[in-house]
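A, B, C, D and E label the chains in the order they appear, each numbered from 1.
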Amino acid sequence: MDYFSGLQLKDLGFLAEAAGRTLLISGVSIGIGSLVGLIFGWLLTVLGRTGRFLLNAVLDVFRSIPLLIQLVLFYNLFPIIGFSLGPFAAGTLVLTVYTVALVSNVTRSGLESVSPDLRRAARSLGLSYWQDMRHIVWPVGLRAVFPAWVGVALSVVKDSALVSVLGYVELLRASQTLITRTQEPLIILAIAGAFYFALSFPMARAASLYEKRWAQ
Amino acid sequence: MIDITNLHKRFGPLHVLKGINLTVDKGEVLSVIGSSGSGKSTLLYCINGLESIQDGSIRVDDTEVHHPKTDLNRLRQKLGMVFQQWNSFPHLTALENVALAPRIVKGQSKSEASERASEQLNHVGLGDKLDSYPHALSGGQQQRLAIARALAMEPSLMLFDEATSALDPELVGEVLDTMRMLAREGMTMICVTHEMGFARDVSDRVAYFHQGIMEEIGPPEQLFNTPQSEHTRAFLSKVR
Amino acid sequence: MIDITNLHKRFGPLHVLKGINLTVDKGEVLSVIGSSGSGKSTLLYCINGLESIQDGSIRVDDTEVHHPKTDLNRLRQKLGMVFQQWNSFPHLTALENVALAPRIVKGQSKSEASERASEQLNHVGLGDKLDSYPHALSGGQQQRLAIARALAMEPSLMLFDEATSALDPELVGEVLDTMRMLAREGMTMICVTHEMGFARDVSDRVAYFHQGIMEEIGPPEQLFNTPQSEHTRAFLSKVR
Amino acid sequence: LADTLDEVVDRGTLRCAVVLDFPPIGYWNDNNEPAGFDVEYCKDLANSLGVEVDLIPATWSERLPLIVTGRADVVIGSTSDSLERAQTVGFSIPYAVFVSQAIVNTDSGIETFEDMRGKKVAAGVGTVQEQWYEEYADDWGDDYRYQGYQSENEVFLAVEQGKVDAGMTGNIVAGPIAQRFDNIELGPVLPFTADYVSMAGPRKDVSWLNYLNLFIQQQVRTGRYEELWAQFVGSDAPDLTVGGVYY
Amino acid sequence: MDYNFHWQPVIGRLPDLLLASLDTLQVAALSIVLGIVIGLLLAILRMNARGRWTPLQWFAVAWIEIARNTPVLFQLFFFGFGLGAWGWHLSPFMIVLAGLSFNCAGYLAENFRGGFQSIPDTQYRAARSVGMSAGQTYYHIIIPQVLRKVWHPLTNQIVWAVLMSSLGMLVGYQELTGSAQYFASRTYRIFEYFAVVALIYYALVKLILMASRMLGWRLFRSEGGV
């Protein structure tokens, strides 16, 4: 009986499915994480000194501990405190919190980058605080940090590879599985790497072009 | 029209305005000069309630600006303001820049706001730039856009804070011309400026600020030719 | 002292200087005026070899600037240069700013360089700022620092590229005064400037540049009062 | 209070963790589906309970945390029944027994266990081979050059690529591996105690462990054990009893 | 669920864990040093790429873009079994070092490039105009200012390298995380071990940030510190 076999065409389908899972888990995390991160980022600009310090301290924890450790730790913590999450749910939760920590930082600097003069100009036309927020500060500030946000999003896509340690079969884990069976690491890794690259490179480039245009 | 009595403004320990008394009549053009840090911008911010005050009062058309019950957003519609820099909203076209506030603050319909906005832009000579974004405009055009934007709220008073000092020398003229046009049309204006020529030609009165105090005020000929105060004289000799 | 014949400078397809002929004598003060993009800065860069040239020649004291054998670093010591902005080295104190080049280029000892540097700083009125870092100096003080730094190399010619145009109006005076002082002391100077008053009062001759061509050159009274060229007249009417 | 047995029946699925880089006991077949002796055991166990099987692929070091944190009901993953582990999870009676054996790179020149001294030796992180080897190697002192890998598969790759001279695994796996790769050959049988492997479940859930014990008994009694062993390993199934002592 | 924490074994292993954190610091420090050197070279190559690109410049751009656009874990796997397939055998330590250096060099190259480009042209010209040579200009004027500009991103990169070295566990290197997993594999009390390890990482990161701020404050007091 042969327990090993070479790479076959249908293995590409297997990889594609796993790539879909990479997109799914990172998409969900980025989506929810960005929304919450926007709110936290805004809070950081309006909270008092203590509130800001506390919120910052909490968010900072997630930037100061390796993602690998966070994943393993939370994956094992949830059942201990009474509810068991599967690899997808646990991975998504950790990635989401991680995204929140990064996006809130980006958002705060974006909102702070809107010059006081511009806001004064808006207020001097009679816009209320919320009108100023809605029509001036958010559009201007978020546009300014859009490239940085793309950077965060792409790094979450790449970091989602770590969810493989929870047994979630995303792209990198699927590659490992195939390597186990086919013992052909080079070509399989090349395919996986090419996928990430094809996803990340064009978006990063587009964002930096956008940044250059916006900077003018 | 504007009545300021014994105005005091502090930033923490810093005493920036030390008892200003000033009245500006309807249709009058007042230029404010003075060295950096003397409190000129702060005065303008206090007038339209962008900064709180610590003592005294400012009345605009019989409305007490800093009274807690005053609806500032409403008051500010009367007070157009143009700043030194970064005035225009970078994410909106020239037309949208001007039409935004009438639409969301005054509740004009989109088409009405656009129509009036394009009139105002024509007025300041930007009739052919309606759909340009600010980054595609020169500094002088951006300042004229800011003026149009303020005019669209149909203010009864315009406040200019060094509207030309960030501009290349060649572009200063076009903005000053627009301001001259407003003065001729009878707009009440307070202009903080470094352009002595403009202050001399256009203003009804000129005020000199020095370290939070209004040292001297009077018709331009008097203030420029026979300044009373030592400080005014020193300042004028430096800027000329 | 400086002899420029038929100078052509291109940036790729862009023809920036189109055949300039100009001689500046020892002790002469030449002001260069002209609108943005007319090639004024480029001319100065070509003179001290910071930009290559495509045709013609520039001779400084009988040295051919763009000859391959010319030791540019040596030549540049003779040519002090002051720019519009970002002149001073932000990571060094005022004293270090001035003493650095004499030490590492001329090989002066540390103490000698420091001593002379503090003399130069005194000369431009910064005797009490020796240990300040640029960020703690006003724009005018930074420009005077840049002048002192150039003077410390004991240049025989100073090139000023709009040395005052990034300054607040009140700070312009102190820098112009320093430049006036140099002119009185007999320094040869080429000053690109927007300050017509300075050009009129201090220069021996004024040159007007227009789109890469030296349209007109002559004593200030002549150029300002009876400009020959259409372009010069248009330009002067705008900046005044 | 419901125990695991109740929960499984109630839930209708058995969450069964397996290790799939350990052919022929557990592996991915060429349809990229789980297969192997352990996988069949999971299915049989689920059948006995009348429920669906939910296979959870795990690495060596992930196996037992799955039990501790309640994400799997049982691990059928060649888990050696060490006393240290028994402090964390509960073990059934042995359901298979292996002998530890080395696979070696053809260039390594290793023939006996003593030859492995001073050579680079690898095993999966968290395997008993790793722990037993460490005890021997402590006696050797400086010559101890051990490398742990996350999965058995990486051990094979390391031997194949020559990163290490020898890898330690079970005798059953060693055969197919040595056949598959040109530059890997069967190495010495390791002088470790026989490797009795058990199913693992929650430590305190004795009734569930009892059920597993009975299941293992039944597999042998009905001949299913022999049958699967012959199908996957291709030799006689080893005896699962130890003489002279009660379990 | 009734889970009883077993902290005692972890406390007993604390000295070993602290020793292992030295390995973490070592591999992170080395990869940062390599990353800086290579990153500078890459940045210079890339900045000089005008018009037609030479093979060397292609190489630099490819390095930078691959490093920035694929997961670090992928890069480590590549240096692990990927290179092994070509008969290149790196020890687990070398895999981590190579992977992190590769990654850091790519990111730092872009930081350096940004730093160089943010120095106004007149700084270079002002230095040349007083007769300094190109070398003197870089050494005395440009580099000190670039260092200040990249100080913050550089610090972030160091923190990043420390955090990412935890992936050593997955390629068989026993740094802090790998050791914790190794110790935990005896009894499988993973949570307890990783909780303690998380604290150690947090402390390491805070220490690095503090050191960077103090050093930066000393180096850049001319510009009001960092």
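Note that in this section contacts are C-beta pairs under 8 Å (C-beta built on N, C-alpha and C of every residue); 3 or more make two chains touch, one makes a residue touch a chain.
A quick note: this is a predicted structure, and the numbers were derived from the prediction, not measured.
Trainee: Show which chains lie in contact with subunit C and also with subunit D.
Mentor: E
Trainee: Measuring centre to centre, with centres taken as mean CA positions, what chain is farthest from subunit B?
Mentor: Most distant chain from subunit B: D.
Trainee: What rotation angle takes the CA atoms of subunit B onto those of subunit C? Round to the nearest 5 degrees.
Mentor: Rotation angle, to the nearest 5: 175 degrees.
Trainee: Need the CA-centroid distance for the pair subunit D / subunit E, whole Å please.
Mentor: 38
Trainee: At what distance in angstrom does the C-alpha mean of subunit E lie from that of subunit A?
Mentor: 20
Trainee: I'd like the Å distance between the centres of subunit A and subunit B, where a centre is the mean of that chain's Cα atoms.
Mentor: 45
Trainee: For subunit A, what residues touch not just one other chain but two or more?
Mentor: 76, 79-80, 84, 176, 179, 185
Trainee: Spell out, as numbers or ranges, the residues of subunit E touching 2 or more other chains.
Mentor: Answer for subunit E, listing residues that touch two or more other chains: 1, 3, 81, 84-85, 169-170, 190-191.
Trainee: I need the residues of subunit C touching at least two other chains; which ones are they?
Mentor: Not one residue of subunit C touches more than one other chain, so the list is empty.
Trainee: Between which chains is there touch?
Mentor: So, checking each combination of chains, I get A-B, A-D, A-E, B-C, C-E, D-E as the touching pairs.
Trainee: Along subunit A, where are the residues that touch subunit E in the complex?
Mentor: Touch list, subunit A to subunit E: 61, 64-70, 72-73, 76-77, 79-82, 84, 154, 158-159, 161-162, 164-165, 172, 175-176, 179, 184-186, 189, 192-193, 196-197, 200-201, 204.
Trainee: Which residues of subunit A touch subunit D once you look at their complex with the stated criterion?
Mentor: Those in contact with subunit D are residues 1, 3-5, 8, 10-11, 14, 75-76, 78-80, 84, 86, 167, 169, 176-181, 183, 185.
Trainee: Along subunit E, where are the residues that touch subunit A in the complex?
Mentor: 1, 3, 65-66, 68-74, 77-78, 81-82, 84-86, 159, 163-164, 166-167, 169-170, 177, 190-191, 194-195, 197-198, 201-202, 205-206
Trainee: Which residues of subunit E touch subunit C in the complex?
Mentor: Against subunit C, subunit E makes touches at 120, 122-123, 125-133, 136, 140-141, 144-145, 148, 220, 222-224.
Trainee: For a test of understanding, state which residues of subunit B touch subunit A in their complex under the given definition.
Mentor: It comes out as residues 45, 48, 50, 73-77, 79-81, 83-87, 89-91, 100-101, 104-105, 135, 146, 149-150, 153, 159.
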